[in-house]
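Common to both upcoming complexes is chain A, partnered first by chain B, then by chain C.
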Partner chain A sequence: MIVLAIARDLLAEARSRRWVLAFLGGATLLLAAVAFGLRFEVVDGALAATRLFGGDLKSDVRSVDVALRPLFVATSYLVFYCGLVFGVVATADFAPALLAPGRIEPLLALPVRRWQVLAGTFLGVEALVLAAALYGGAGVALLLWLKTGVANAGPLVAAASAAVAFAPIYAAMLTAALGVRSAALSGGAGLLLLVAGVVAGNRAAVAELFQPGASRSVFLGVTSLLPRLSALAKVAAAASESRPVPGGPLLALVAGTLAFALAVLALGVDRFERRDF
Partner chain B sequence: MKRHVPLLLAVLLVGLSALLLSVAEGPRPASARAEVDFPRWLREPEAERLQARRTLAPVPAPAAAPEAEEEPPRPRDPFLVALPRDPQKPLVVLEANALRHSRLGELFVECLLRRPGRDPFEEARREAGIDPLKDIDRVAFAQDGMILFGFFDRAQLAALEAESRVTRRGEQGLVYEPLRATGPAMSLGTWRRELIVAGEPAFVEATLDRLEGRSAGTPALIPERLTYGEAYGVVPGAALANLFRGEQAELGRRIASAASRIELHADAMRDVAVVANVSGADERAVEDLGTALGAAIAVGRIQALAGGSSQVAELLEHARVVRGAGGGFSLELALPVEVLERWFAGCGTAQP
Partner chain C sequence: MLALRARGLAKTYSGAFGRGAHQALRGVDLDVSEGAAFGLIGPNGAGKTTFVKAILGLVRPSAGEATLLGGDPGDPRRRARVGYLPERLQFAPALDARSVLRSVARLKRLHRPEAAVAQRLDELGLAGAASRRVGTLSKGMRQRLGLACALLGSPDLLVLDEPTDGLDPLARVEVRNLLARELARGATLFLNSHLLSETERVCTRIGILAAGRIVREGALESLREGSSRWAVRFDGGALPVPLAAAGFAEGERPGCFTFEGEPPALNAALDRARAAGALLVELTREAKDLEVVLRDAIGASP
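Now for the complex of A and B:
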C-alpha cells in the first residue's frame, strides 16, 4: 500500500508539473495535425482505385484492411518507438529530482523503507508512461478508424508493448540516477538500453554478421541477458497485420522483460540501501 | 547477509529473465558448426593413398645417364598419367569410391534407391558387368571425354566387340570404334582391365598413348601433390567465361581475364567443403576480384537472410575469401553435414 501511495503521489506531482501537461498538450496537437494535416486523400484514392479497377477487372480485390496493413504496421512502430523516446525524455529528471538534497531527506525520515520509495517511483512512472502511450495509441487508432473506416488495434497494442518495454528502460534510468544524480545521464542510460534492446531483439540476424567463433559467441552471450525490446515492437506490428501471436512465447517475452526490469531495480535498491543522504 | 539480498535477487532475476527471453525466442535457426575442415593441402591419408597408387613402371632414364646422386625415376599412378594435359581445357576428377562412402554419397545413393521403380544401377551391372557403386575408383571429366579407373575384370565387352572395330593401341590398349556411327564420332578405349576411356577418337587415342609411353612428356595438369580431397580439378579462366551468356558475357570475359586458372578441391567425407584457388597473371586484378567476391558473399548472405532464403543463407554461412600468400585467393564454401542431411530429408520418397 505504501508503494502505491508513493506512486500516486508521483502522479499527482507529475500532473502539477507544467511541462508534463505541455507534453501531453503537444501530443494532442500532434494527433490533431495527423488528423487534419496529412494527405489521407492518397489512401482514399488508393482504396477507390482498388475498388474501381479491381472490380472491373474481376481480379482478386484486396480487402481494405489488407491494403492498409503497411500503414498500420508503420503506425504501430511509430507509436512504440516514439512512445519509448517520449517516456525517456519526459521522465529523465524524475529520479534526479527525487534524490535532490532537501527533498530526499524528509522522505526518508518518514516510516517508509527505501525499496518502497524506489518501487513506488518506478510504478508511478510506469503508470504515467502507460497512460501517455495509451492516450497516443488510442488517439492514432481512432484517427485511422475515422479516416479509413477500418478499426485496427495495432496502435493500442503498440502502446501497451511500449509500456512493457519501458519497464527495464526506466529501471536502468533510476539505477543510473542513484549512481550520479543527473537527468542527462539518466536519460542516456535509458536510450542506451533502448538501442541495446533493439539489437538484442534482432540478435540472431546480427550474429550472422560476425565471423563464427569467439566474437560471435561473446555477442550472443551478452545479448542473451538483454531484454528483446524490438521483439515487443514486432508483436505490435503482428497485431496490426492481424497475424496470430503465439501466447506462450509472448508471455515469456513479457515476463522476461519485466524480470529484467526487476533485476535492474534490485540493483538500484542495493545502491540506494548503501548510500548515505 | 541481509545486505546482499537485493544483489542476490538481481542475479536471480537476470537469470530468470535470460531463461524466459530465450524461451520467447524459441530455438535458434540451425547454424553451421564453426569448424569445417577445408581441403587446403595434401594430408597424410592422401599421401599414403597416392603412394599405393603408383603401380605403373617409371619412365626409363635417358641413355646419357646422369650422376649416381640423382633420384631414380619412381613408379607412377596410371590414372594420373592417362589424364589430358591441355591447360586450356577444364579437367575435374572425382574420387568415386571415396565419394560413394562419404556422407554425401550415402545420402545421394539412398535417395536414388528410394525412388520408385528399378534400381538405377542394375542396368550397368547386368549389361556391362560393372557395378558403379563398387567397381569405379576414380572418374575424370574432360572437355573431350571421360576416363574411368577401377576394377573392370568382370566387364562384359563381348557385345561391344561385336558392334565395333577393335584395334590394338600399344601393348595393353584397345580402341573400340563403332561400326555404325550415329551422331558425332565417339570411341571407347580400354587399358588393361583397369581403365576405360570414352570420348572423341583423338582423346581416346591420346589417353592410351600416354599410358603406353608413346607421347611427349608434357607436364601433368593435375600433379600428385594436387590430388587431395574427394574431388579436384583445374578450370582455366576461358572455360569459366563460357558459363556466362547473353548480357552476362562481358562479365564472364572480365572474370576470365583476371582469373586465368582455378584449382578446385572438395571434401565430402562428412561436411562438404570446397576450396577454389584462384590465380592469374595480373595480381592486382585477381586481388580486386577476390575483394569483390568477398563483398558479394557478405551481401548475398544478408539478402538471403532478409529474404528468407534459408538454403542460400546456409550455403553462404561458411563462404569466405582467403588471400593467398603468393598472390591469388581462395574461395571457401562449406555445407555442414547437419545441413546436408536436412536438405536430403525426404528425398526420393513419393510426393503426395
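Now for the complex of A and C:
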C-alpha cells in the first residue's frame, strides 16, 4: 500500500528529528518531575472525608474516585489540549518540507498518485499525534494511579479524542501549506481551527453574546459548519468522571469531525492535483 | 518505439492575478527513441527544466501533448519505469542515506529492495556513508545519492537533470561509466545539462532548446559537421614565409596551420601557397564542438 508506505516514511522522518525527540523527552521529564516532586497523595484509603470541630464541611463523606473527579477532569482537558497544541507545533513544517522544491518532484515522479502522497502524509501525522497523545495520556494515568491508587482511563480517552480532533486541524494545515508553503502559515491555520472548534463546541452559549437577529444567525450558520472540537474534550472529561456518554451523539460528533476533515482534505487534494511543481 | 514524444508542447506560467505571464515552452515537437542517449542543451531560461517536468507530468502543459514510454505521463505504471534526478535535489535531512533509498525502493515496489539498495550504494560509492544522515553528506555525495535513487530498479528511461553537478572530475568519470553501462543494458537516457563537454561524451543525439522552441535536433555527428575551419599541415622543411599572407594562421606545432573559410577560398589559398613552394601534407575539416553548435543554433534562431 503506497499510502501506508508514505505514512511510514513520515514516521521514520519524525523519529529521526531531534526536536521531536526532544519534545517527547521534555514531556517525559515533566511527568517524572511531577511524579517525584509533587506532594500529592490520598491518605485515607477508599473513603475521604473532612470534618472540622466535629461538623461536616461543604462535602460529605465520599469515595476517593468521586473526590478526585475534578482532578481527573482537569487532567483530561490538559491531555486533550496539550496533545492538540503539540500536534500543531510538532507537525507544522512536515507538509512545507515535503513540498520543498527538489524534494517533491522526485517523489511525484515515482509510481505514486498525488492523492496518495497527501493521504499518506495525513495518516502519518495522525499516527504520530495519536502516539504522542497516548504516550502523554498513559503517563498521566499512570502517575495518578500511583499517587492516588485510583485507576482512571480519562487521560487515555482524552488522548484518543485529541487524535480525532486533530484530523480536521491537520487537514486544514495541509491544505494551507499547499496554498503557501510556510510552516508558520500551516501552524497558524491549525491553531485558528482549534480556536474556532472550541467556539463551535460552545456555540449555543457564545451565541447569547450576539444580538438576536442577523448577527446571531450568521454566527450560528458559520459555526454550524465547523467541527465541535471542545465537545470532544467534554466527552473525555465525562469519561474521566465515569459519566455515561450516549452512543448516538458521540458517534455523530466523531463522524461530523471526520467528515469535516475529509472535506478539507478533498479541497487540498483538488488543489494538489492541479498544481505545477 | 519511442521513449518520449512531445507534440506542440507549450507551457505558460501565469503571474500573480493573471499578470506577467511567461511562456516557458512554445510548441515543442520532439521524439526520443528507446535506447537512445539524448542530450537537451540550451541557454539558461530556455525551458529545459520545464520540458523535463512536462514530460514527467510534474507540470501540466498549456497546450500540446506528451507521451512517456508510449503512455500518459500521469500513469504510475509508466513512471515505475522511469528514473528521475531533478536539478535541485533535496532529501529529508534527518534520514540516513540507506533509509532514503529504502523508501524509494518501497515506492517503486521493487521485488528485492534490500539487494537493489545495497547494489546502488556500492556502485555510487556510498556504502561507507549509508548510515550517515543526509544533512551531513557533502553536495557531491547527495548528488550520488540522487543518482542512486534514480537508478534503483534499473528503469527503462533515465531522465537526469545536471547529473554531474557538484561531482569532482573522478566522480564524473565514474558516473559516465555508470551511464554507459545503463545504456549498454538497453536503457534510454535523457540528459539535461549545462556541461556541454559531458553531454558530448555521453549523448549521441542532441536537441537544442532556445526560447521555448527546439531550434536544432539530430545526431551529434551531423550537428558537428559543416565547420568552415580547416587544419592544414605543410612539409615543415620547406616552408615559405608568405603563408600568413595567403590566409593561414600558424598552429601550435611546426608546419601546422588553420584556415577559416569555405572550400573555394581554401583552394585559392592553397594554390597561392603551393605556387610559393609550400608542400601540402595533410588537410582536415575540423568538427564543431558542441559549444559552437549551440552558439550557431541560437544565433540563427528567430
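By our rule, the second predicted complex is superposed on the first by the 257 of 277 C-alpha atoms of A that agree within 3 Å, B and C clash if a C-alpha of one lies under 4 Å from a C-alpha of the other, contacts with A are read in each partner's own complex, and residues count from 1 in each chain.
What we mean here is this: contacts are C-beta pairs under 8 Å (C-beta built on N, C-alpha and C of every residue); 3 or more make two chains touch, one makes a residue touch a chain.
Note that the structure is a prediction, hence the values are computed from the model and not measured.
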Checklist entry - Fit or clash for chain B plus chain C once both are placed on chain A? => result fit
Next on the checklist: Can you report the vertex angle at chain A, computed from the C-alpha centres of the three chains with chain B and chain C as the arms, to the nearest 10 degrees?
Outcome noted: 130
Checklist entry - Which partner does A:Ala5 contact after superposing on A: first (chain B), second (chain C), both, neither? => result second
Checklist entry - Who does A:Ala266 touch here: chain B (first), chain C (second), both, or neither? => result first
Next on the checklist: Looking at A:Phe210, would you say it contacts chain B, chain C, both, or neither? Reply first, second, both or neither.
Outcome noted: neither
Checklist entry - Should A:Phe219 be classified as contacting the first partner (chain B), the second (chain C), both, or neither? => result neither
Checklist entry - Smallest separation in Å between any Cα of chain B and any Cα of chain C in the superposed model? => result 13
Item to check | Interface residues of chain A shared between complexes with chain B and chain C | outcome: 274
Checklist entry - For the complex, which residues does chain A have touching chain B? => result 115, 204-205, 208-209, 212-213, 224-225, 227-228, 231, 248-250, 252-253, 255-257, 259-260, 262-264, 266-267, 269-270, 273-274
Checklist outcome for this item: Contacts from chain A onto chain C in the complex sit at residues 2, 5-6, 8-9, 12-13, 16-18, 97, 100-103, 105-113, 274, 276-277
Checklist outcome for this item: In the complex, chain B touches chain A at residues 3, 6-7, 9-14, 16-26, 28-29, 31-32, 34, 301-302, 305, 313, 317-318
Next on the checklist: Using the touch definition from the top, list the residues of chain C that touch chain A in their complex.
Outcome noted: 13, 53, 56-60, 76-77, 79-80, 82, 84-92, 94-96, 99, 103-104, 106-109, 133, 146, 149-150, 159
